[in-house]
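Below are two complexes that have subunit A in common, paired first with subunit B and then with subunit C.
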Partner chain A sequence: MLGRRTWIGLATVLAIVVTWFLLTTITGMVSGGRFPSPAEFWASFRQITGRGYAGGDLLQHALHSLKLVVMGFAVAIATGVPLGLWMGWSRKVEAAINPVFLVIRPIPPLAWIPLAILWLGLGDAAKIMVIWFSAFVPSVINSFTGVRTIDRPILEAARMLGTPRLRMVTEVIAPAAAPMIFTGLRLSLQASWTTLVAAELVGALVGVGFVLNMAQQDLYPGMILVGMVTVGVLGWGTTKLLAMAEQRALAWNVAARD
Partner chain B sequence: MGSIRFDHVDKVFGPNTGGIKALEDINLKIGEKEFVAIVGPSGCGKTTCLRMVAGFDAPSAGVVSVSGKPVTAPGPDRAVVFQQFALFPWKTVRENIELGLRNKNLPAGERADLVANALKLMNLESHAAAFPHQLSGGMQQRVAIARAYVLDPEVLLMDEPFGALDAQTRVVMQEELVRLARVNPRTVLFITHAVEEAVYLADRVAIMTRRPGRIKEVLDIRAIRQAENWDKHPRIEDVMDLESFVHLRTQIWKSLREEKGANVI
Partner chain C sequence: MNGAPLSFRETVAWGTLGVVLFVGLWTLLTASGIVPRQFLPTPLDVIQRMLHLMTSPFAGATLPQHLASSFQRYAVGVLLAALVGVPLGLLMGWFRLLDDIVTPIFDGLRFIAPIAWVPFAALWFGTGIGGPVMIIFAGAFPPCLINAYRGARFVEPRLIEAARMLGTGNTRTILEILLPAATPSIVSGLRVSAGLGWQSLVGAELIVAAAGVGFMMVQAQANVATPTVMAGMIAIGIVGMIIDVLLRQGEGWLRRRRGLEA
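What follows is the complex of A and B.
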C-alpha cells in the first residue's frame, strides 16, 4: 500500500525518535531540564489532553489557534489575490500601489504586533489583523507575478475571441495565474502560522502560542515540546488541505506537468 | 465575407527610442474568399502585417482595413490561428471552441450545434472532452482552427500555423486546410516562411523584402493551378512533383535569395 518514498520517510522519523530516546532516557546526555525525554513528553501530552493546561485542554487551544489562522488567512486571500491580479492587469494600478508596497513589504509582520495590540487589545482581532498583514504580502506578489507571466498569445487569443472584461478575469487571467496564486497561498499559510504563534507568545489568554509561553514561564520542557509539535501538526494539516484544494482546482495543470 | 486592405502602411517599433523600421509602405489588397500567403525572410515583418489586421499592433502610418473599416482593436470578426496554438489549457476542447460563441451571447442550443459542426469539420468529435495537453500538436492546432472557424469570421488570420508541427503532421494539416477551403471558403491571410506551403495553399503569394519589409512582388498562382489542374491530385507530394509547381517554387526561392542575408527554410 505505502510507496517506497513513504517508507523512507517513516524510517527517518523512527531514527529521530530512537536517537531522541538514546540521548535523553538511555544515556542521559541531554538532561530533562533542557529537553524532555519521550516519557516526559508523553506525560505532558496526557496532562494537557486530560486535566488541561494554561486554562484549557489541547483541543481548545488548538482549535482557537486554528480559527485565528483560518480567519486571518481567509481575509488575506480575499484582499491579496484580487489586489495582486489587479496590479498585474493594470500598469496604472501597479504604479500607484507599488511604492507603498515597497516600503511596507520589508517590515516583518511581527513588527505590526505592538501596533495591533495598541489598536485592538489582546483579543482575537489584533491577531487576525497581524496574520492578515503577514499573509497578505505573498498573496499579492505571487498573484501579480502570475498575471505578468501569462503567455502573451493566451491573452491575445482571448481578446481575439471578443472576451468581455469580467469573463477575461474569471475565465482567462485567474486560471492562467492560478498556479502562481497557489504558490502564494502556500507561502501565506506558512506566514500565518509563524505570525500567529508569535502574536500569541506576546499576548494571549488561550491558544497554542499561549501554551508555549506558559510552559516557558513554568520551566516545563515537556509542555514546550507538546506546544511545538501541535503547531507542526496543525501547520502540516492545513498545508495538506491547501495542497488538496490546489490539486482539485488545477487538475489541468497537475496533469500537464506530468 | 471580408476583404483586407493595407494602404501605405509603415510600422516603426520603439519610435521614442530611435526606432526600428519594420515595415515600409505596405500596399496589399486581399479580396473576398481569397487566400493570400505572405512569405519573406525571418524578421521581415510578415507577422507584424498579420498582427495589424488582428488589431494587436497598430500601424505607425497608413491604414489597415477589413471590409472597408479601419482596424482599431482585436475582435471575433478577425479570427487568428497562432503558431503556438494559444489554447486555454484549463478548458476542454469543447470549452475552447465555445468561448467565442459565449462571448457573442448566442443561446446554448445554437452554440451546441455550431460547436458540434466545428468538431465534426476538424475530426475532433472523439476529443471534445479532452484537455489540450492530452492532444498532440497537430490535434491542438485542429482545435485552434475549429475555434477560429466557429466564429464565422470575416477573415481568417493564420500566423505560421504549422510551424510548430513535425513534417508529417504538417503535410496532413496542409491537405486538411485545402479541403477546408473547398468546403468552406474564407478570406485568409496566411503567414509562412515555407515556400512550398505558400505555393500549395495560396491563391496569391506576396513576397517580402528583408527589413524594413516591403512587398516585393505578388504572384498569382490561380491561373497555373487551374491550367495544370493541381486540385485533381489529392496528395501534396504529387502536386509538389508537377513541373508547374517546381517552376513557381523556384521562382519564389530566387526572389527571396536576392534578399541579401535572407534566411529562408
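What follows is the complex of A and C.
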C-alpha cells in the first residue's frame, strides 16, 4: 500500500512534468533558448551518451568527476580525521593548531580555486587540491568534537586497565568518535561536489562541470539540464554509498539508537 | 582530554608556537627559493599587496570597491532566500498538503550543488547582478526553508491546541504561535544560510561576474598575480568571519532575551 505522502509526491512530479511540457512545447511560453523542452532534453541526453559532447561521452565525464571527488575526499579523510583526533586528544596540539586553523577556516574552499589553478594548472591535481581543502575542514572539526565528547568514564576505564596507547586510539577513541566523524564526512562529501563542480566550471578539460561550462558557452540549454541532472545523480549516489558505509561501520551504534 | 585544561599562558605559548611555525615554514619555502616567489609570495608580499590594493585599482576597481559590489549581490541574494524560504518553511510546517507537495521537489533539487545553477543563472539573468544573486539564493535557500519548517513542526503541541481551542485562525496561528516559537531555529538557519551564501557568492563571481572580489581573483590568476589572489582570499575570509561573528552575536542576544540560556 502506498501512503498518502507517496501519492501526493507522485502527483506533484507528474504535475511538474505536465507543466514543463505545457510551458515549453504546447504553448511555447518558455522559449527553447531559456529552458529546454522535454524533447530537447532527451535529444541532448542522446547526443552526449552517443556521439559525445565536450570531448567525451556522459559516462567518461561522470566517471572522471567521480574519480576526482573520491580521490580528494580520500586524501581529506586520511589527513583530516587523524589531525582532528590528535587535536582532540592533546590540548597542546589543539592550542598550537587552533590559531592557524582559525585564520584559514573562514576562507571558503571555492576561494582556493584560483590559487590551485596558478599552482597546479587546469589538470586533475588542482581539483584534488581544492576538494581536499573543502573536505578537510569538516573532517578535522567533527573528529575533534567526536573525541571531546567521549564519555570520560570510558576513557578512564580503558586507562585504568592499562590499555596501551595505540590500542587506545584504534579501539577506544576512534570507535567512540566514529558517529561524529561520519557526520563530518557527510558534510565533507557535499562540500566536495560543490567544489569540484565550481573548479570544473572555472577551468577543466573533461568532467561534468566542464560539460556545463561548454553548454553555457554554446548557449545549449538542453545540455545544461543534462549536466545538472548528472551532478544531482552523482551527489545523490555518493551520499547513499556513504550512508551505507556508515551503517556497516556503525552497526552497533545504529542498533543502539533504534 | 589528555590531562587538565591548559592555563591561559600555556595556550598562548602553544598558539604562538603554531603560528610561528606556520609563518616560518611559509617564509622559508619562498625566501629560500625552493618554491618560486612568483607562485608563493612571502607573507609580507601579500600584506603589502593588500595595502596597495586598498587605494590602487586592479581589474577595474580597488579592493574595497570590489568587496562593496560583492556584498551588494550577497545581501540581495541572502535576503531573497530568507524572504522566500522562511515563510514557505512555516507554511509547510502548518499545512500538511503543502509539505507533501514541496518536500519531493526539494529533495530532488537538494543534491544539485548550488554552483551547478551557474549556466542557467547566466542564461536567465546575465552576469551583472541577477546571475550571481540567483546562485547565492540557491546556496542560501535550503537552510532557511529547513529550519523554519523544523521550527514550526516541533512547536509544543499544547500551544497549538490552546490556540485552536480558542478559535484562532490559520493566519494568526502561523504569525503569533509558529513564527515566535520557531524563531530560534530560524535564526540559526539564517546563520548557516549566510555562510553558504557567502561561499556561493565566491563561486559565482569566479565564473560569471564582471566585478567583485571573485572576479578580481580570476583576473589576478590569469595574470599570474599570486599576491593579489591571496589578498582576495584573505579579504573574503575576513568579511565572512565578520558576518559570522555578527550573526552569532545576534543569535546569542536573541536566546538570552528569550531566557533559553543563562
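Here is the rule we use: the second predicted complex is superposed on the first by the 237 of 258 C-alpha atoms of A that agree within 3 Å, B and C clash if a C-alpha of one lies under 4 Å from a C-alpha of the other, contacts with A are read in each partner's own complex, and residues count from 1 in each chain.
To be clear about the criterion, a contact is a pair of C-beta atoms (placed from the backbone, for glycine too) under 8 Å apart; a residue touches a chain by one contact, two chains touch by 3 or more.
What you are looking at is a predicted structure, and each value in this text was computed from that prediction instead of being measured.
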Subunit B versus subunit C as contact partner of A:Val172, first or second or both or neither: first
Partner chain in contact with A:Met29 - subunit B first, subunit C second, else both or neither: neither
Subunit B or subunit C, by number of subunit A residues touched: C
Subunit B versus subunit C as contact partner of A:Asp151, first or second or both or neither: first
Subunit B versus subunit C as contact partner of A:Pro164, first or second or both or neither: first
Contacts of A:Trp236 with subunit B and subunit C, given as first, second, both or neither: second
Residues on subunit A engaged by subunit C in the complex (per definition of touch): 4-5, 8-9, 12-13, 16, 33-35, 88-92, 95-100, 103-104, 106-115, 117-119, 147-148, 150, 155, 190, 193-194, 197-198, 201-202, 209, 212-213, 215-216, 219, 221, 224, 227-229, 231-233, 235-236, 239
Contacting residues of subunit C [partner subunit A, same complex]: 1-3, 5-6, 10-11, 13-15, 17-19, 21-22, 39-40, 97, 100-101, 103-105, 108-109, 111-120, 122-124, 198-199, 202-203, 206-207, 214, 217-218, 220-221, 224, 226, 229-230, 232-234, 236-238, 240-241, 244
In the complex with subunit B, residue positions of subunit A that touch it: 151, 153-154, 156-164, 167, 171-172, 175-176, 178, 250, 252-253, 255-256
Residues of subunit B defined as touching subunit A within the complex: 54-56, 73-76, 78-80, 82, 84, 86-91, 99-100, 102-104, 131, 133-134, 147, 151
